[in-house]
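Note that subunit A is present in both complexes that follow, paired respectively with subunit B and with subunit C.
This part shows the complex of A and B:
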């Protein structure tokens, strides 16, 4: 119980830190970017939008920083992230929720897949220490993990879309299909997601392989593994319930810790593929200087990562009885 | 941990060395991945320092044909603006390296400062610093950097370095903190504290040198992340568009649709450079992981000086004796270490009758546990111990020649093992029942119900309430865990139970009662037992025979009573003087001065001579085992008594 309370507390503190950063960054930056933006947009945007921006960034509003902060927190709690400039008069919240399913489907699935596959390869290569598999896969994927995501995405498009024509170059679906829960649309969306998914998989998997391999090697030296051998258990059983089950525990913590890194790379993959998710929209908002949308998306990304970490925590608690009892 | 201690004594690369840098250098030179990483890094350093000398043209001169294909004049063609791609690549190296090293340095400095002081000072300082570290760790940094960069457009390299450095230290800080925590109560730090040395001094002169590899690893990690993130930022147009960098090149290439327009190298080569530089850091990081964690390195015995091993004694054909459940002949075990093979068990012979209780006694590091695990065929990870010669006849079968698959069928049914610490030997994530069940499943066709009944039965045998079947190991007390492990060993009532100091994790009172229980069970169930301990008084009342080991060899072997009353070997005599007799008169405990020899380079003569009160010039030749009144003893004092038993 105490474990749950502590993790929730940490979750809230991190969330608060992200929200506060979001509030402070535009206000502390030298040379008020918001004012510069306002003067650029003057005349192009209707006065209502201008006023909304003024309030959002504390321009021409005579209130103290502290007061503004409290108003801001109140707005966030009510899900009011302001109004998007690019999609005026649509709210930021609405825009974010439109992009979110795409990102969850693409990045969520590939991240879990990369974790599962990487963990498996790491476990098997540690188990078959010094084998051909162990000699080839971990070093290979450690090198690919150093590749910039966006560059690999560019290469993939060039090779598989432009040269070979196997996959579509960009986008999340064929614009001629109607969006909805229909087979043509879903199969088309999956078809569009294969290339970006592979890009993320190839770059993200190396980290999991390496950590799982190292954890497993450490665990294999434990007495309980020797005890399992002494009991005459099948190698399969020893590998899964003795070595794997224990070695994955630190990897789950590692999953939580490197998630931010993976999401960062995935944002660029969406950008390169013009994939209609949060990352692509995030970079669009940067380009259009749509600061309210940009900050709303940043918060959204942070919350999603935090939720994923909570899930990893939950999995740890299920797999490791010691965390449940720790007081 | 029950690492066989003979090998532990020699393989301790994590020990504090006083020359961390020269050790590090040697470790790097011996690792292929590290060498590859260093070479790549040197290549880029060269480009970064002398771009003017190496690059064929100026990077900015727009004086060539636009979008030219590769040629001898322009290896990688030209850009859409008529610039030479190769020259741009070379000139861009400098910025990536500066960013990598500056961010790496800054982030590492912060992580050392935060991580080490959090662990060293503890308390609230630790609480707050750790919280900050964890928060920064989970906030997605790259989006945050983009947010900052969006407000601070076209920011220069300086801002970039500061932001990346200020956000990229948390992973390293976390690792350094836990490493420092593990060092905190080490003796050398306690000593420094007792000497009254100041916190800062202790951190810089005592703690940091021991963490060189970890600090280097955190530097490499931060540098890798800086290279990738900086390139990413520049690629999406948030860097200075006029700067010379790989990321900026990619930005312009993408804006001109270079890939579609046939200027392939313009779009590919900057990424290749980022990837290669990243790979250099990643390879070095991978290598340092191996260097700082010696368990990750694979040691093989045959690689290093196998010829130095003692030549195996001629195989003796042992007639299987039905009286003896176990016959060990000429058993020799060696470990691979960085300095060469270490013979931890040297030519040991022993016999065990049905239902007999054999005690094996010796100081830590004498090879007694290794002998035990060799008999049980449980050598292997963590240390690459191998049986190099000898036979282990268990119920007539030679265990040494059995395959792992064949062994599986006799394990636990016919012989089981009890380890030193149940805390480590029980799987922490499975209940007691699950751990009993998997053994039962592996060797029988019992139904679930029968398995549960049998598990309850053995728990009752060791006086544990069967409700604890559903407990996890950490929920049991130390004594209960030990007894649960013994219960597990009794699941099939095997003929032999091999016990490695099963009581040493307990306090004296609990030790006694557990010993009584083991002895009682042994008499009731009739299994034979081999019991390893360093505590001679513990086994004196329980064992039928004793085997005293010294420096990997049998020093003395005989009936317990006889051995206690008339110890023959000067080492046994010393051991007995080191323990008070429970009922005997008061005597001054003398102990044995000195240390056992280094098994990496054992003395050619008697191994005990250096500590022996009776040593004389005859001891320079290795003594064989002599038989004296039915006992075996390895000492020339008994030369006149009988013929040597064997030419050992």
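This part shows the complex of A and C:
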């Protein structure tokens, strides 16, 4: 019980600190949103429009920092993140909810897949150390995970979309399909996500393999594994319930953390593939000095990461009694 | 066993890929749809408010229309659009517009002079919507039957372009119901134009033709797809593969990347406004006209164009007249006065009392060494400035580029916090007068530290101001040209800025299924898809190939 209260208290204090920093940091940045807006149009907007834009965006409205902070806290509690400048006059909440499903589906699925596959390959290759599988897959994926993502993704586009024509080179779906919960649209969206998903998998899987394989090898040297062998249990059962279950603990925490980061999207992936997700939106908000959007996204990421850590703490406490005792 | 699972997964994925791959087929012959590839670096908000500067290019021209179309490639030639006719009176201080009868909004209600009257009063009441600052020159607007009368504070001929050509007319019966027009999204715009917005998602906007459009029998195109591109490469790829037929962006190495991919691929980059070196005239050294003149002679503009701009943007001349677009306005004698001549540049400086020391000219211990600000993200401008740097070095002038983020760069330009600035951000207009006015009119300037709207070099001369105002009082083309030629003389004699290359409209087009495109010989509208309302005019001209 004390453990839970302590963890929750820690969570709340961190959350408050994050929310406050989130309020302060964008306000310490130099620049002016109207000028940022003008430069996005490369001078196609009449220079005299500047003043009109400032009026429209409510820029140069003088408000004390303390007052702004209180309004900000109040709005957050009501789930109101304000109006985005980049997507003026749309609200931040609406824009984020539009982009979030794409990111969750692509990055979320690939994160889970990379974790599952990586852990599996790591476990099996540690179990069959020296086998052909162990000799091939871990080194291969460790090498691919060291490739710069940008380069690998562009190479994949060049090979699979431009040369071979197997996959579309960009976008979340074909522009001529109608968006909705229909089979043609969903299959089209899945088809568009294969290439980005594969490139993420290939670059992300190596890390999971390596840690899982190393953990398993350490665990395999433990007495209880030797005991299990001596009892004559099937190798299948030893691998899963004795070695795997213990070796996965550190990976599990890492996994929870990476799930928390899913909502921040993958800027590079979304940029290279012109994918309509949150990561790209994040970049955009910084470039346009869109405080409201930036704050909304930061807050969402912070809260999910904090929640993920909380869950990971809880999970570790349940799976590993030692962590509970020492608290 | 696990290997089997992975194998099964790979096979499964491959099967999905081939299954889906089969469903794609390319159209051949005449096409009734056009797809635009214009990278805006953003997804769509699905807002279409024509007075919102970030989305007006998506509705003005197709959904909403102007009173009179002003052709920026034919020295401002006018075509009456929603207006049937217009007339100037009262010393060109009063503009009377007569409305075209029989025009309907897409919801069936008639478009009348009342809507025009309402639109301009809407701008007056909400300065946040008045993107062209119409009410900085307008005195009043009144309506009488099918006529709308605009009264200006001064003679305002050049403002016709902004009032009649750049102001979208909106339906009164819809906009009167809106609480706050400035933050109004306008997700389902009701306009008078040739297209209706049919559906919108953050990734793509679909427009379909307005069957009751007032220009009978038009448009012949049924559908327009406007996908959102957040980066250049996928947008260029769509153009090269022919999936998009109308492009409006920079493509590096365009001949091998785009042109050679298909005999149907074409491009044309009409120059519209200069990219220049802005010289801060309040700088103690740069205020010496000899230094500025030496710089103007020292730069081989052709070399900058070829190396820095892949030859896409042609070299400028010192008069500030963009050629060939505005060649009619050019005084060739003046243009030839300042040609590339490094020896002359050196002699100008020597005659003005500058002496060479360690390869750099100086006077009173002050070397001719300056900083030039530039946008770090524009790789072509960065390359251009490198060429300029080496050219100036040859005549003993040292410049150091500072490649900034566009936000910092803009703020520095507006506030005059630079010595030299490489800049092509003037908006220009349908005749060369507009750019010269933006550059030279002292009312567009401001003291250092305060934002100037377009006269960033801080040029000020009452004589020049008088010329600029005189142009505003005449509708006589011959007289207008005579005034512009005098402004060209100001550019050549005083060198307030040094035009280097001519910024262009980016325009690629595919003639496989569609005809009627703007070409070098048929300049009926500015051809880039981001030009509004011109893109609506372009779409009205497009026809499925094979149809008459």
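Quick note on the criterion: the second predicted complex is superposed on the first by the 226 of 327 C-alpha atoms of A that agree within 3 Å, B and C clash if a C-alpha of one lies under 4 Å from a C-alpha of the other, contacts with A are read in each partner's own complex, and residues count from 1 in each chain.
Here, a contact is a pair of C-beta atoms (placed from the backbone, for glycine too) under 8 Å apart; a residue touches a chain by one contact, two chains touch by 3 or more.
Since the structure is predicted, the reported quantities are computational estimates derived from the model, not experimental observations.
Enquirer: Of the partners subunit B and subunit C, which touch A:260 in the superposed model: first, second, both, neither?
Expert: In the superposition, A:260 touches subunit B alone.
Enquirer: Which of the two partners, first being subunit B and second being subunit C, lies in contact with A:171: first, second, both, or neither?
Expert: Touch status of A:171: second partner only.
Enquirer: Taking the superposition as given, does A:320 touch the first partner, subunit B, the second, subunit C, both, or neither?
Expert: It touches subunit B, and subunit C stays clear.
Enquirer: Give one of first, second, both or neither to describe whether A:99 is in contact with subunit B, with subunit C, with both, or with none.
Expert: Touch partner of A:99: subunit C, not subunit B.
Enquirer: Applying the document's definition of touch, where does A:250 land relative to subunit B and subunit C: first, second, both, or neither?
Expert: Neither partner.
Enquirer: Looking at the overlay, what does A:108 touch: subunit B (first), subunit C (second), both, or neither?
Expert: A:108: touches no partner chain.
Enquirer: For A:10, select first, second, both or neither according to whether it touches subunit B, subunit C, the two together, or no partner.
Expert: A:10 sits against subunit B, while subunit C stays out of touch.
Enquirer: So, does A:151 touch the first partner subunit B, the second partner subunit C, both, or neither?
Expert: The answer is first: A:151 touches subunit B but not subunit C.
Enquirer: Which subunit A residues lie in the overlap of the subunit B contact set and the subunit C contact set?
Expert: On subunit A, the residues that contact subunit B in one structure and subunit C in the other are 30, 154, 157, 162, 271, 289.
Enquirer: In the complex of these two chains, what residues of subunit A are touching subunit C?
Expert: Its residues touching subunit C are 30-32, 35-53, 55-56, 83, 86-90, 95, 98-99, 117, 120-121, 124, 133, 154, 157, 161-162, 165-167, 169-176, 178-179, 187-188, 190-191, 194, 198, 270-274, 276, 280-281, 284, 289.
Enquirer: Using the touch definition up top, name the residues of subunit A that touch subunit B in the complex.
Expert: 10, 13-14, 17-18, 21-22, 25-26, 29-30, 33, 129-130, 139, 142-143, 145-152, 154-155, 157-158, 162, 206, 210, 214, 217-218, 220-235, 237, 241-242, 245-246, 249, 256-257, 259-261, 263-265, 267-268, 271, 282-283, 286-287, 289, 291, 294-295, 297-298, 301-302, 305-306, 309, 319-322, 325
Enquirer: In their complex, what parts of subunit B are in touch with subunit A?
Expert: Going by the criterion above, the answer is residues 1-2, 33, 131, 134-135, 137-144, 146-148, 150-153, 171, 174, 224-225, 228-229, 231-232, 235-238, 250, 254, 259-260, 264, 267-268, 270-271, 274-275, 278-279, 281-283, 286, 289, 293, 295-296, 298, 373, 376, 378, 380-382, 404, 407-413, 416-417, 419-421, 424-430, 438-439, 442-443, 472, 474-475.
Enquirer: List the residues on subunit C that touch subunit A in their complex, please.
Expert: 2-3, 6, 13, 16-18, 20-21, 24, 35, 41-43, 45, 47, 49, 52-54, 57, 127-133, 136, 162, 182-185, 199, 201-204, 225, 227-231, 233-235, 237-238, 241, 273, 375, 406-411, 414, 424-427, 438, 444, 451, 453-454, 530
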